[in-house]
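The following pair of complexes shares a single chain, chain A, combined with chain B in the former and chain C in the latter.
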Partner chain A sequence: MAAQAYLGIDIGSLTVKVVALDEQAHILGRGLAEAGYGGQEAAEFLVNKVLQESSVLPGAVACTVVTGYGRVRFAAADREVSEISCHARGAMHLNQATRTVIDIGGQDSKAIRLDESGRVVDFAMNDKCAAGTGRFLEVMAGALGVSVGQLGALALTSSTPVTISSTCTVFAESEAVSHISRGATRQDVARGLLQAICSRVLGLTARVGMLPAVVLTGGVALNEGIVAELSRQSATVVWVPPDPQTVGALGAALYALQYGKTK
Partner chain B sequence: MGRRHKRLKTASELQRLMQWHYASLRLPRLGRPLAWVTSGAPVEILRAMGVAVAYPENYGAICGAQHQATALCQQAEAEGYSPDLCSYARTSLGAIFQPHAAPMGGLPKPDLLLACNNICSTVVKWYEAAADSLHVPLFVLDTPFIHRELTPQMSAYVLTQLDELVEFVERSCGRRLSAERLRRVARQANETVRLWGEIRAMCRARPSPLNAPDLFVNMAPIVVLRGTGGAVRFYRHLHSEVAERVRDGVGAVSEEKYRLLWDNIAIWPQLYRFYNYFVNYGACFVADTYTGAWSMEIPQGDIMKGLAETYASVYLNQSLEYRARRMIDLIKEYDVQGFVMHSNRSCKPYSLGQYAIRRMVTQETGIPGLVVESDMCDERAFALEPIRTRIQAFVETLESMGGSHTTQPVVEGTGVR
Partner chain C sequence: MACPWREGARRTRKSWSDYCEGEVTVEGRRTTGVAAGPPPAADASRGLWLADPYSDWPARYPGRRAVGYFCSYAPLEILHAAGLTPLRLFPVEGTVAQADAVLPPFSCALARSTTERLLLGELSFVEAVLFVHTCDTMQCLADIWRMAGTDLKVINFPLPAVLSARGARELVQAGQRELLRALEDELGRHVTDESLRASVALYNEQRRLLSELYAWRDRLPALRLWQLSMAGFVMPVEDHISLLQQSLSVAAGADGESRRGPRLAIVGTVLHEGSILDLIEELGGQVVADDLCTGERYLQSSVELHEDGDPQTALVERTLARPVCPAKRHADRDAPERLVRLARSRGAQGVVFVLPRYCDPCGFDSVLQRRALDTEGIPHLTVETELTQPTGQLRTRLQAFLELLSPG
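Entry: the complex of A and B
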């Protein structure tokens, strides 16, 4: 195969994602794996796996861009680009109407606003706090004894959610526990928790100004309860792309394509 | 890459001046009393009454830069002070409680305290706690917050208190105010302020002769030694060195690509490291809102009245609109392409409202602003990786904007209009 490939790697705190593109920006392959310790090894392993599966020879990789928290220590890349730029680029590629990207990842969440040409004009990230992140959902699912996926499904069946007033993950957990011990149903507590996380995320989004179309990325986008709650609270349609977890890696691959061609 | 920070020739002179200042506080003062004062206090009156002054805030900054502040903050927390309290206050109280564990053994014990709430209300409680532990008298100067403009009633109210301050110093240490000396001190203060203002203004040059760490380090005398001959001499030398850099086209950052504006107090423990993340991208902070807070000249005429007006109208005692306006002016004057706001966990008056200011500034100028969360002294609030990510993303944003200065708002809907 003479065709060249362009790689995007997103090394996050919980997972690593890889996307390989051809010269026309068509997806040759993609993959996702747990990050493990530091994410470096997992990333290398995943890169080989994706290349193999899409029958790309390692020598055919023309350019590699890495993003995510592990980006700094990943030596095998040509460039590193921040998650902000990569998520914006990936979302814009999937939906030309994108003006706002909300990404809820494992340990941080971010809101990005773009102009018509896809340029980032503003962004905001949560600060040193797990509230409003995937980690928050994990802790809360644990408190309710369900999986993260079940948490969203449960929430959808509640019509009388409890109020979780604390935005702190640790305090919110004890609030949830006290609601349960006072006899609240799992459904109502689950919905209360999702409402808390969504109001936090929308607060962050308000900093950059929320404009349609709104695209939700990151692993949390797979949670239907969150998507429904975000749409309801913001009275805006929140669009979830297929495979929302790899949007950052896709953006990185698009940068690789850009740099690789101008190299 | 070579040295990322170009040292000024006057750096050793500055160091000597500050060392002399701190040493002189410990020398026998021949009966001259010592006052601890807040950074926004009308120090000219004390100097004209022959009172030596020390600035716990400057001491806090020094402890911060020497990585000693966090431990002192923890001392204060162990005594029951909240970790949410300003880290200058905690550093200072920690040093009062455990002087042997503090740089320079803490500040020498004062004879009186003067707190002016034109910068914040924290200083009132902080100085009350200090007065309590040290058993010394405290004078609190109350300056009403300026929502729109300084009214004659407000100036009159502050002026009455300045007269009371003079009586307070007379009563507590038997010093008298000499009108002649007050005139001289005010003249020297204005001379310092003028020189410092001109030095800052020279950063309009391309490339800018100074970067944020230079401004932060060199502001010490304007705060601590304002109104003294030593400060005037130092700023004359700095002035000519900076003028020389401008003349020779020497920039603080080797290849200046982006010109930025800084808002809020420096991150003292990370002074060079933090700003070097920007230097790596060719970004130079050519202006800031912090070191300009001491650039107000005392108006001509009745000095006491002039002092009342000057100190009542300091930067932090004014509305968010005023602060946004100042930033917009600086952006235009210094041809700035982006601004960075330090959301300083310690300093509530400076940090609250930054998002509103940011929106106003971006709406009017069209340039992007980054908010970075940290603390001026408490290193527990500094998280390197999230900060690096934000800086990188911000520089990418600047780059995608073409790095050029745009006066057209590029944003179609920045929230509230």
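Entry: the complex of A and C
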């Protein structure tokens, strides 16, 4: 008889992520895809793909937990758990010393503080504004005429960053444009933008108190410029787990494992 | 698309249907099932009424003369005794465009939304508006409305910043006298002691019935309680008393529920939109207490009027004795201490601040209140509201907060 599997699905604003675990919490498979409109179809497609690739029979899925913005509409799950709890659970699983999780996703950023047992004791989220999120980086990369992937490396080559004081995405973009028109280099503007994001994210983190170990999750953790800048500004080592985008889905799968065993 | 892994999945998400029966539609959107039975007929017939109480108010209450007010410090008894129907002005969902031309950008939704209504001529049926001097916005708004070029009469009602200060009583007394004079001179309404006594009795009865209803929080969905409270601010008090009596008789026949889930206290000012309460219960939490201007702060303390007592003096005493709003201070009623006591006495495990953006009295109070809660080890969450609330993020934050409060 095939072993049972536990599914975690994270339907975010930009991407969907799926992680399948076995009973020992070993990863059987994982995947990531663009969310498209609403993320529901993308999530179903990705689940089937991950199950197929990891040779898990659909009937062997013992429990499914969904998280992320699309969780509410996603019917094919046993439970829904907030992203906050899932990122905390996932990060704690990957690094037992985790006390602070900073998750920078497509449309929001979160700072989560955990106690020694991994329990969430406080959290803060950016308000309605998209500054300090993946979407902000996309807009700014567009303004600089580079891809999001190039932005971090570009910023790392600057030693004289410009100052971006606006925290609003739209105003920050026009600030960046005015720097460019005054002849500032791409590198300096890129680094200025990253510094602005990082100071905003660290301001958010200060609301919950930043204790080591600090784990950075979400798609923006792939940006090396952000990681370097967060570490520099906070004078703290910021650890990025392998595959930081799927930490929320991993946490959801760990919840599925917990619920699946107790139900 | 087929979802083969869905087979065998058992949905265990907690929803309303787990502890409520039926589903009713009030205000054109799905609301909670009503544990205490069907909604009272008087309320059910009102359709979209709470979502916009103003556009058809004159048709709903023909012959009534409306006097607008914003704040629960307004002496409604005096307005009522003058033969007027007090009508509280709340933010109403909709685009705000014209108001932004006459207001600074840091104005709260209450100021922006109601001013938009005024400028669009949608409050033309209101004869006068009473501005009680609570926060800076209210005081400045009074001038903006006075100079807005409408027929609306603006009446000011000064209120001391520190209600326990020397001279506070005299200032409130003078404010009441001035209000009586304005009603007489500008609206031609004379208030007799007899009519004021009758009005005091009516509002005392309304607050007593509301208190009874609030004591049955476990028998009513929080959204329903919110609706029943809000209705009282926009309908004649006589009608509200009937509505409350009906609701109480329905609730009396219902079984008390043994609700589970984290117990929350809600803190803020005017809660003009009740969907957050529904969301809390949908996510498995329960509202056990509030410190809201449109909630418990309104119904606490009645006007102590004895047989041969002076009703005006009794009204002044209630103004000084009632729960303090964030815009005011009282030496014996410290906001952080009061909140901790409220949470402890009701067994609230967490506190949710629902604060309107740009409301500085609430914002400043909440800093000290949060610190007091931290000291006591009571977790809290702050939700900032505008005219509308993006529900996706709100849901995530509330859900995470309830998860934080849940064991395991």
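Some points to look at:
Keep in mind that, in the parts below, the second predicted complex is superposed on the first by the 262 of 263 C-alpha atoms of A that agree within 3 Å, B and C clash if a C-alpha of one lies under 4 Å from a C-alpha of the other, contacts with A are read in each partner's own complex, and residues count from 1 in each chain.
To be clear about the criterion, contacts are C-beta pairs under 8 Å (C-beta built on N, C-alpha and C of every residue); 3 or more make two chains touch, one makes a residue touch a chain.
Since this is a predicted model, take the numbers as computed values, not measurements.
In the model built by aligning both structures on chain A, chain B clashes with chain C.
Shared-chain residue A:D115: touches chain B; no touch with chain C. Of the two partner chains placed around the shared chain by superposition, chain C is the only one that A:P58 touches, whereas chain B remains out of contact.
When the two structures are aligned on the shared chain, A:G209 is found in touch with chain B, with no touch to chain C. Once the two complexes are overlaid on the shared chain, A:R232 sits clear of chain B and of chain C alike.
Using the contact criterion defined above for the overlaid structures, shared-chain residue A:Y69 touches chain B and also reaches chain C. Between chain B and chain C, C touches the greater number of residues of chain A. By the touch criterion defined above, A:I84 lies against chain B and chain C together after alignment on the C-alpha atoms of chain A.
In the superposition on chain A, A:N48 contacts chain C only, with no contact to chain B. With both structures placed on the common chain, the touch criterion links A:K261 to neither chain B nor chain C. Shared interface residues of chain A, touching chain B in one complex and chain C in the other, are 69, 72, 80-85, 108, 119-123, 125, 127-128.
Across the complex, chain C meets chain A through its residues 1, 3-13, 379, 384, 390, 392-393, 395-397, 399-400, 403-404. On the side of chain A, the complex with chain B involves touching residues 69, 72, 80-85, 108, 113, 115, 119-125, 127-128, 206-209, 211. Taken in their complex, chain B has these residues touching chain A: 343, 355, 362, 368, 371, 373, 381, 383, 385-386, 388-390, 392-393, 396-397, 400-401, 410-415.
Chain A meets chain C in the complex at residues 7, 41, 44-45, 47-48, 51, 58-59, 61, 64, 69, 72, 75-85, 108, 119-123, 125, 127-128, 259, 263.
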